[in-house]
Structures are given as structure tokens and as C-alpha cells.
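Same chain, two partners: chain A is paired with chain B first, then with chain C.
So, the complex of A and B:
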């Protein structure tokens, strides 16, 4: 099983994969982000899915120190008595915060994504789908 | 903590170049396992020596997990510029197994008393001690990290795998020369070059 066996889709937002272009997968602060994920059951190879975690989070990247914060988190685990059916799409929904807004800076970038982490035996498979929060324009480069 | 699974648009962003993110490039015939063997022969004492930005911390990032795989626990200490004392109380470390190796990154920052206390502590508890330093101290040599243009190019080639090649060999040589052989600063420099070209390429004409 690998990351491509987990498919994340956001309601009403296309395209469902690839880079964010224009207004695709773009949200305003306070808007509801909802969607679903599916796991290809045939890829489990007979092993049991012991837990699935879904996060809506932002992280910084670029030069210098990096940061991350989880806005919303859900977990289903067979240890906790949850029933995990890989054949059935699982839904999620959250109200997005006012900040931090997505930003494509030269030195620091702020990225938002939905992350799904599936635990199969000892293995952990992670898939992510990025989205944009807000509409902060990229900076202009200063001529040196 | 960062979501390392998400791809980065710039191959020289921090998440891709920080110690441990890139596999250390050993010279032919050398490896982490070989270092463990050398450390064992030296009575579990050794120093990793090299100039600023030559890969000492990156080497530790591959060496420490290899120590764990070989059954040794480690206590890791990082000392930064001007930090003359250990950032932990040795007596509060509690009971450590005899196969534990203390790993002190930036050992030469310690003052004479701090060095004495650390060596005495390790000797008394029969612990291993691996240090990094910019200059040789008085430990058995474990590894010398060196920086040269060839290593710089190999490192950049590895980072550019899977990315558009907006950086060429001349860029690497120029950045290496600008940063006077400091590989870490060279990579920061190349971040700016790559970012600038990536944006120019993707902005509408």
C-alpha cells in the first residue's frame, strides 16, 4: 500500500489533485472545508487497517526555521473500538480559521493541507492534498 | 515537526537540507557502519572534525541512528556559539546503560571545566563519547568532514533529483566560491537563485 491508494477529495473543488491553480481548492477564512477520503481496500493485502487519522493543518517552508500547527484532527482506531471500513468513503468537515493565510513568499511560504494517515500493521501511509486559504498575492522580487 | 511527506517547491528549502534530510555522502569505501567499527576499536571515544558547514551535523544525523541499530543508546547534546556549559545536569541523567554513547555536537564551545566534568563523567560511568569540533581536540579521530567543489556538486545533484534543473554547474561553483566552501551557506544561497528562477519561469510573460 502507498500514498496513491488514499484519495482525498474536497467538496465542490476541482481539480482533485495536482497543484492549486487559480481559484481551484481555494477557501476564504471562516469558510467550511468539507470532503471525504477513500482507501483502496485491495491495496491492504489482507492486512487490517488499525487506525486512520485525518488532519487539517498548516506548515511553513522555505529558509530558516519551520513551523506547523494542526487546526483540526480526527482519529479512528480499532483499539478504541472504532469500526474502520476501507470500502466506505469517510467524510470530514471543519470551519477554517481567519489565519494564517496561505502565502507564497520568497523566503517563507505558508501551506495548508488535509492529511490522511493510515496505519496498516507496522506501516504508516500518508497522503496529503493542499488547498489555499485566503488570497494573499505573492510578493514582488526586488531587483538587486 | 514538519509534514515531510508534502513536496517542497524549492529543493533547497530547510526541510530538504537540514541535517538528516539528505543522506551523508561518504567517500568511497567508508560508511556509518565503518565508523561504528572504528569507534569500537578506539574504545568508544572519537572526534568528528571539520570546518563550518562541512557536514558534521549531517554526519551525526546518520551516525546516531546507526548507533541505535547497533544496540547503543545515545545522549545527544548540542552546543552553540558561546555556550560554555553543558545544557543539562549530568547527575540528573540517572542510570545509563554501559553501552550508552554521549554525543556532543560543538564540543569546543565547552570551557575547560565543562570538558573535564564531561570526560570524568563518561570515564566513571564507562560511557562512550563522540564529539564534533571545528579543530582537532584530543580524542581519537573518527572522521574528518571536508568541503570541496566536487562534494558540493554531488550534494546539489542529489537535491535536484525530481526537480526542474534550474541550477547548473556554474551556479554551484559560484555559490560555493561566494560562501568560501561553507556547504550549508552555499545551499541557502542556491535557495535564492532557484526561487528567483522558478518564479520568473511561472509568472506570465
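So, the complex of A and C:
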């Protein structure tokens, strides 16, 4: 099993060319982001899917050490008595926050994504789908 | 499905054996990292437990038995001496007395004083202790109290009490708390993803996550406009910082300069040392010039005040600024600008470095060629238009976006100066950027 065996789909909007992550869906703060994910059951190779986590989060890229902040987080785990059916698409929905907005700075970059992490045996498979929050254009370096 | 909401920024991973690259920095798989953390804290905990056991067995138990189990009797002092043993910072001393006492009809003669035997610095104290005991002879039959171990009567002490030694147990306790706490944290988070850890323990969400608080900016009312903006770094503190750096650097370098100069004066020049310290001396001279420059700015340029008609700011906002510059100055130019800087903090080896990059500068006001007279500050008002496409202020653990009003002064015959006044820009109030 690998990341391509997890498919994340967002509702409604079609991907458009944006200033941050190229062709991606763009949302405004306060807008509802919803969608679903599916896991290719045939790729599990008979191993048990013990837990699935879905996060709507932002992380930093660029020169600095990585910052990561989870806006919303869902977890299903067989240890907690949850029934996980990889054949069935699972839906998620959240109201997006007012900040931080997606940003493609010179040394500070803010990326938003929906991340699905599947725990199969002792392995963790991660897939993520980026989206853009807000519409801040990238800056230009100021000549000193 | 359990659902969590939250808003704390975390660096999600610990030690990494197999790093992967994200942006300019490296992050990586946490499995080996968590194992390393667990091992580190286990060693810390084990060392603490071992050390505590040693303290309990060799120190606390003997002390407790001396004060609770030992039987009292009386003894005669036959001789006295000061025992010496080498220590890290010189010789350590302990008073010792040869005493004679009887237990159940049997006479014991031993060298003793305290339990456990403790050597410490300060010979005079020990001599004074010995002087307080009188050796038994025909004219003197002074008896002193002593306490012996009923299980081993040869074990005896002339003083009781606990003193400061039980405090030694605090040292291993620190190891146990750090190691145990770290191990519990690691075990509780074992197998948890970075997202799960970031979401755990978070219950509330701020209205504007990761945007700095502006209470420090709006807590000082202005005399002309609504708020007087605080300066990022006051000139006095900047001068103090440069002075400390100058003294520290040149203090160390001066020792080597003195050695090199002496070698030349004595006709036996240390050429390697002379060449080696030359660049350090040049840096020291540079720091002296920097200090003089900062001193001139601090003493020669009077206070700069900036007031603003509204705060916090949003993209597309329009408000007024008021500038007041005191001093007795012949000004070539003074400019007020709105400046945005990105700031990134990262670890490089054992160092933590911070890099900043100016990404936007909008000049709001400029005036050239005028005089400022003492007691009559220069005052000006200008308009502040926040660019409609401005990124909002950001504050995370390692990444920041800072907006500030910057006043740049070019003074005739005096060093140029620059003073910054932070402001906070929030996302547009309608929820998005214009």
C-alpha cells in the first residue's frame, strides 16, 4: 500500500490556478470545506487497517524549522471500538478559520492541506491534498 | 469518529535518523526519533534512581539510624587529629577523636567523629572543633556523650543531627523527575502522529489563530491620535546591548593582546599569536565604533514618537499617523515607511539562527532639509494606507511575519538612525483578502 491508494476529494469547487500551490482549490476564511476520502481495500494485502486519521491543517515551509497547526482532527481506531470499512467513502467537513492564510513568501511559506493518515499493521500511509486559504499574492523582495 | 479542534503550533517530531526535506529545512520519520527519546529519558531515569539509591544507602539510612537507633553512652577523649584527603578544589579536612567507651562491660577504643564520615574545606573550623574537646589525663577526667550502634558497637559518633546532607537527595530527584516525566510523555505519545499530538490537549480556538496579540500596542493612548505605538527596541537598550557586546569581546581579546604586546616588548615576539589575534582585534575595533555610533544616536537624537488613529489594521484600511521628532538636529531627510519582514528561526547543528527578509516597503512620508530646535519638536501627520493585498501578521514558533512603521533619519554630521514601531495587521474583516 502506498499514498496513491488513498484518494482525497473535496466537494464543489474545481481546482483553479492559484498563486500558492499551483492548480488547487481556493477557499475563503469562514467557508466550509468538505469532502471525502477512500482507501483502496485491495491494496491492504490482507493486513488490518487499525486506524485512520483525517486532519485539516497548515504547516510552514521555507527557511525556518517547521511549524504545524491542526485546525480540525478526526480519528477512527479499532482500539477505540470504531468500525473501519475501507470500502466505504468517509466524509469530513469543517468551517475554515480566519487565519493564517496561505502564503508563498521568500523565506516563510504557509501551506494548507487535508491529510489522511492510515495505520496498516506497523506502517503509516499518508496522503494529503493541498488547498489555498485566502488569496494573498506572493511578495517581491525589496531592494536594500 | 472522534473529533478534536485546537490551535497550538508544535514542532511535531523529535530526533530523526532518516530525514526528509520540506522546503529549506529537514524533517523526518519519527519512529527512530521516539525510540531515541525513550532511550535518552530511560538513561536519565536510571541514573537518577541509581544515584538516589546510593544517597539513601550511604547517607540517609546511616543518618536516620544514628538519630533514632543508636544508643547513648559517655566516652573519654584519648587523642585527636585532623584527617586530610585531596579534593577537586584543594585539601578537605575532617576532625577525628580517639575515644574510649564501654558497652556491656567491654571497652572500645576507636577514632570517630561523625556519621557518615564527611570531609570538607576549612581547616580552621575543624581545629576549633578539636579544641573544644579536652584530652583525658590525670588532672582531667572530662566525659563526653557519644552514640554507638547496638548492632555494631564499634560504630560510634560524637555528634548527631541531620544538617544539610539530606538535601543531596534532591540532585537525583531532579534526574528522576526529568527522566520519568519525559518517559511518561514519550510513552503516552508513542505511536501518535504529528497531527494527533498537535490536536491533543487543544480545546479552544482563537478568533485569529497565529496572529500576534495587539494589547501591548493599544495600551498607551496618544496625545494627538488614538494610540501611541511602542518602539521595537528603545535606543537605551540598544546602547546597553552594544556596550555589553563591546566589553565582552574586547575583554577577552585584550588578554591575548597583552600577551602578544609583552612578547614584542621583551624581544621574544609571538608572531603566530600576533597574526592569529589580528582579525579578532579588528572586530573589537568595529564594535567600539558601533558603540560610539549608537552613543551618538542615543544622546544626540531625541525621542521619536509615532501615534496611529486605529488599531489593529486590516488590508485596505486607511488611517492617520502622527510623527514627533525631538532633539536639536539639522535634518537632511526624515522618512516614515510601512515595512513587512519575514522572520525564520532554524537550528543549524547546536546553534539556533534567525534570518529575516524585508518583503515590502511603502514610503508614507518624506521631508528633506530642515532644522529641529531644542524644545520645539518636529511634528507631521501623514496617511497610512494598508495595501489591499497585504499578508497579515503571523506569529508561530519558528516563523513570523512582522509589520512595522519605520522612521529613518538622515542627520547632517551625525550617524543615520532607524527606529521601528510594530503594528499588527489582521486578515480583512470580511474574511478574505481584497
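Going forward, the second predicted complex is superposed on the first by the 130 of 144 C-alpha atoms of A that agree within 3 Å, B and C clash if a C-alpha of one lies under 4 Å from a C-alpha of the other, contacts with A are read in each partner's own complex, and residues count from 1 in each chain.
Keep this in mind: contacts are C-beta pairs under 8 Å (C-beta built on N, C-alpha and C of every residue); 3 or more make two chains touch, one makes a residue touch a chain.
None of the values given here were measured: they were computed from a predicted structure.
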item	value
Contacts of A:134 with chain B and chain C, given as first, second, both or neither	second
Touched partner set for A:115, first chain B, second chain C, both or neither	both
Chain B versus chain C as contact partner of A:97, first or second or both or neither	second
Chain touching more of chain A, residue-wise (chain B, chain C)	C
Chain B versus chain C as contact partner of A:106, first or second or both or neither	both
Which of chain B and chain C A:12 touches, first, second, both or neither	neither
Touching partner for A:45 - first (chain B), second (chain C), both, neither	neither
First, second, both or neither for A:61, with chain B first and chain C second	both
Chain A residues contacted in one complex by chain B, in the other by chain C	57, 59, 61-66, 68, 106, 109, 115, 141
Residue numbers on chain C that touch chain A, as the complex places them	1-12, 22-25, 27, 193-196, 198-199, 202, 205, 207-211, 340, 342-347, 355-361, 389-392, 394, 396-401, 426-427, 431-433
Chain A - residues contacting chain B, complex	3, 57, 59, 61-66, 68, 106, 109, 111, 113, 115, 126-128, 130, 138, 141
Interfacial residue positions of chain B with respect to chain A in the complex	1-3, 5-6, 8-10, 13-15, 188, 191-192, 195-196, 199
Chain A - residues contacting chain C, complex	28-31, 53, 55, 57, 59-76, 80, 82, 90, 97-101, 103, 105-110, 115, 117, 124, 134-137, 139-142, 144
